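Have a look at these structures, which come just after this line.
Okay, so subunit A shows up in both of these, paired with subunit B first and subunit C after.
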Partner chain A sequence: MTASAVPALKIQRRSLYPGWFYAPAAVVYSVLFLAPTLASLYFSLTRWTLFDATFIGFDNFAQFFREPFLIQGLVNTVIYAVITSGLKVVVGMMLAVMLTSQIMARGYLRSVIFFPVLVSTIGVGMTFTVLMHPTLGMINQSLALIGIKGPGWLVDPKLALFSVALVDVWKGVGLATVIYIAGLVAIPKDYYEAARIDGATKLQNFFYVTLPLSRPATATVITLSFIGGLRTFDLIWAMTKGGPGFASDTVASVIYKQYQAGFYGLSTAGNVVLFILIAVLVVPLTMFLNRKQGFE
Partner chain B sequence: MRSRASLFGGIAAIAATFVVFVIPFLFIILMAFKDKQQSALRDFSWPNGFHLFENLYEVIKTRNWMMITAFINSSLITVVSVTLLIVLAAMVGFVLARRKTKWNGLIEFLILAGLMIPPAVVPTIWLLQGLKLFGTLHGMILIQVAYNLPFSIILYRAFIATIPRELDEAAVIDGARPLDVFFRIILPLLWPVTVTNIVVQSVGIFNDFTNPLYYLPGNQNATVQLTLYNFQSQFSTAYNLLFTNILLITIPPLIVFMFFNRQIVAGMTAGAVKG
Partner chain C sequence: MAGLELKNIQKTYGKVEVIKGVDLTIKDGEFVVFVGPSGCGKSTLLRMIAGLEDITGGELYIGDKLCNDVEPRDRSIAMVFQSYALYPHMTVYDNVGFGLKLAKTPKDVRDQKIREAARILKMEHLLDRKPGQLSGGQRQRVAIGRAIVRKPEVFLFDEPLSNLDAALRVDTRMEIAKLHADLGATMVYVTHDQVEAMTLADKIVVLDAGVVQQVGSPIELYQRPTNLFVAGFIGSPKMNFVEVTVEAVDADSITVTSKDVASLRVPARTEGVDVNSLLTLGIRPHDLLPANSGAIVGRVSLVERLGNETIVNIELASGAPWLAVLDGDQALRVGESLALAAEPAKAILFDKDGKALLAPIA
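Let's look at the complex of A and B:
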């Protein structure tokens, strides 16, 4: 290649991959997502009516950590995220192992488990609200048939958050399962072969081959469902509206309630709290999950 | 012996998934066939009489044919925002995968931030009001584009990285102008991941409840997810209509699922593993 051809190719390469290709996406993203996010840092420090904002320092945040129902919302959010992501990991893994084995009707099983992922969350929430009715609901009526007195799933303050979390798992476990299936089929068969020659039992196979080698899938499932759990709003809103009392309120439902009540500054502070909560919990979590293991 | 055990295991799995995953849907269907009195019992029983069509008619004409408006609105929002998403995300993904500059790190950070950070609701409303976009379909479409861009970009970037760079250069040598390289060579090659993008994002945007709730108030702006609340306030216990409504809005995702099952799973797992 001659010396004069080099700059020509460089110029061409630049216009082949033009920087302005970023521009339309950058404008939409900056104006409608980044700018409000940055603005929220200021407005969370104000008493705000949308027309004028009075600077009040950290009062909104102080209120967030003083009012018992707001603190409960914060605690509930973490509990909800831990329960849903934990159950999705365990159940998703079990279903994926089952679906990658020689089981009959695999297509049917896979479709049936995955389909709820695509259904409207509000529709699912309303359906299960009816199914979980303490006396008329199908779940408790079925339990009564075998002589068990079912609990008041959504009306018992101790149980409401947990019941919503169960429905979340019902709806979302299909996604965890397909992620695990993708992870499991990528494990080379040689490992199982070697384990078989060494006389490993099925359980040993699972704990010493499948589990460690599906670690990337586990990291994905935990991260996704943990973030989703922390941000969850629609399912809670469709099922309990945060009730009974404030028993199943999460930060996201608090944000909506404060917005409806016209406390825009407090609502925005809720947004910032949720943002910090996600950053503080998820960043170390992903770093821990994606760390290199000692023997690799 | 072994095959008998796996036979029992298979039957047990089919029975268990039937109870857990299929019965709730059967319940929805049965309720949609019932009349008001029978549906009020909320039990798992055979409908006495076929009332699906009258329920459907009732659901569609409620609140001055709100369901029709809602389906039009939701379809418009879904189609336009997915189209915009695909063009914008493919452009970003293309340059991001091909050109390594000092900006790449910042862009990757912004993409991850977009996936993680919950949108700041009230400041967004304030901003939309300032732009005269609050409560309009245009505003809603742009919001959906902004919120869903990061996921689409990730899908595209991963796919573009597998297309050899020599192809671009060969096209240039054959006389293609720079923009032709993207729009006439690369974009058609991206078709598989474009289908995945279309399917995954359409389902997500069609099912979105939270964003229309905040940014698109007003009856004339209703989207299909919001129609579900029609029967809680107005009829209080019209369970037959509520479940007919649920059945009605479950049909579009069901159709998509039947035709694009493979692409949905591919998109959700690929995007997930990268993200």
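Let's look at the complex of A and C:
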């Protein structure tokens, strides 16, 4: 055996053996994720039914981007994702700060805030549809008691998407709060004490210590809620079915409608567009949020 | 600069009393070290001085100002934490200047002070780095820089060297001593490491269970401990103890004996000591010498050769484990009998309450 053959043999042994441990997961991943994804990519280039498929190139995509309501769905999706993730970050952080400070019934309040996360989305959607009814809903009736004429939360085309987004925030902020609480309690109290000796006020503590040091939690909340917002379907469907008109349609609800109408190729193309949209927005966002700052 | 005055300082958590009435005067420019075992209350006492813990009872004066209810930022103190507490998202420059920024110090003055602190601590080249890019020793230096930039009247150190390796600890210890000499500031330093305490302090405060056991200079504590706790805590290896019976009492000495110790006449305070009463004899391992006619005889159980000295573990007749630190490489073997002599003037007797019967200084 030559001297140069020895390291080569070692490298081969090192690379092959652990590879077998990946195999079961790789098979499951390929069958359940890679194969359907690649199949979707192919079928998005076809006009297909359950029995046959005709290759039509990028016609589905061209048609998708020609349809104004599909474009509106795309824009709505991004707006929805930005609003829900933004509000979950702000409200989640505020609640977490409150729920990690010395307040009464802290444990109870933590449970109360997390409770909506456990409730079925469809159930939440139906409940809020009733609550947001323009005349009979409890929200507008309550507002009427103090002399305010409530808007048509779900029937006003300008408001419908935002109303659903608010309900999404109500339902999902508990998870964001729990993530933030975990992040906040992990910040060593020495930082706050050092800041206190340096003369920091509570507000300065928040901006100079809490906010920057809870960045990992913020990154997690933004990433999870942004992806969730881009993929949203169930709440929209339960509350507005994309209406009034196409005012609150998102890519996912449009895709569903296309499936219902039998345009399988077009809706598959919509899925691919959604996939690319999520990848294009979330990958750089995640890289930005998780960039090293010299202290990780 | 300012001194400190602690008058009957107490701290309780619920029903648990952790600081039980501490009276202490720290002079302006003095380097005082609080030392004691874990849980003795030394860090709590320091945090009370810093204002990070409420004072349950007593009075704390910094300079002439009663500071019991004064916010930490208004006490003119700076503190170096055990963990350094450097903000990981800020550069060294921003960390050092953070307090000045909060105090709304003009930018040019701030810059000048930060660079001055960096120059003193020889860390100008580190100013643009973040704490994660620094070694333990460099972080320690930044933490000290953050303290000195504010020009406080009192520096507080909470076990600042405990996260450093042994070699770096020695270097940083010397740097802190030099810093004290250069700045001439009042410094209060907490440690459980008696070597740090002995080498740095002008004055050591030995604490146990929230009570000050003794206050004095390092040599005073080593040579004239007032009780068994201090005698056992200060000095490494720790002092040897054995129970003895009083054989004779003279005007300025007590002669004691036991199964382990042949008759030994120890200079001591003799009031209240009766013949046949029981005392505790303490002799430091460094004060024992091999001698054929030595008063203390035991069997060698372990020999640790360190090159310049040999630590011999011996078992006395009563079973008490003793240590002797002997010169050089002693030709001793495990199991053999060893007779040791002690210089009586360096032996200390303790009464049944653990109080040292120290002879008055001539």
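General observations
Going forward, the second predicted complex is superposed on the first by the 263 of 296 C-alpha atoms of A that agree within 3 Å, B and C clash if a C-alpha of one lies under 4 Å from a C-alpha of the other, contacts with A are read in each partner's own complex, and residues count from 1 in each chain.
The criterion applied here is as follows: a residue touches a chain if its C-beta (ideal position, glycine included) is under 8 Å from a C-beta of that chain, and two chains touch if they have at least 3 such contacts.
Quantities reported herein were computed from a predicted structural model and do not represent experimental measurements.
When both complexes are superposed on subunit A, subunit B and subunit C sit side by side without a clash.
By the touch criterion stated above, A:Leu184 is placed in contact with neither subunit B nor subunit C. When the two complexes are overlaid on their common chain A, residue A:Met132 makes contact with neither subunit B nor subunit C. Of the two partner chains, subunit C is the only one that A:Ala194 touches; subunit B does not reach it.
Once the two complexes are laid over each other on the shared chain, residue contacts for A:Ala160 go to neither subunit B nor subunit C.
Residue contacts after overlaying the shared chain place A:Tyr17 against subunit B, while subunit C stays out of touching range. One of subunit B and subunit C touches more residues of subunit A, and that partner is B. Touch criterion met: A:Leu213 reaches subunit C, while subunit B stays clear of it.
In the superposed model, A:Asn271 makes contact with subunit B only, not with subunit C. Think of it this way: put the two complexes on top of each other by chain A, and the tightest Cα contact between subunit B and subunit C is 14 Å.
The residues of subunit C lying in touch with subunit A in their complex are 50-52, 71-73, 77-79, 81-83, 85, 87-89, 98-99, 102-103, 129-133, 146, 150.
Looking at the complex, you find that subunit B touches subunit A at residues 6-7, 9-10, 13-14, 17-18, 20-24, 27-28, 41-44, 87-89, 91-92, 94-95, 98-99, 107, 110, 114-129, 131, 142-143, 145-147, 149, 153, 168, 172, 178, 181-182, 203, 207, 209-210, 213-214, 224-225, 228, 239, 242-243, 246, 249-250, 253-254, 256-257, 261, 264-265, 268-269, 272-273, 275. Every residue of subunit A that touches subunit C in the complex is listed here, in rising order: 188, 190-191, 193-200, 204, 208-209, 212-213, 215, 293-296.
Subunit A contributes residues 12, 15-19, 21-22, 24-25, 28-29, 31-37, 39-40, 43, 48, 50, 98, 101-105, 108-109, 111-123, 126-128, 130-131, 133, 136-138, 141, 170, 175, 178-179, 182, 216-217, 220, 223-224, 227, 231, 233-234, 237-238, 252, 255-256, 259, 264, 267-268, 271-272, 274-275, 278-279, 282 to its touches with subunit B in the complex.
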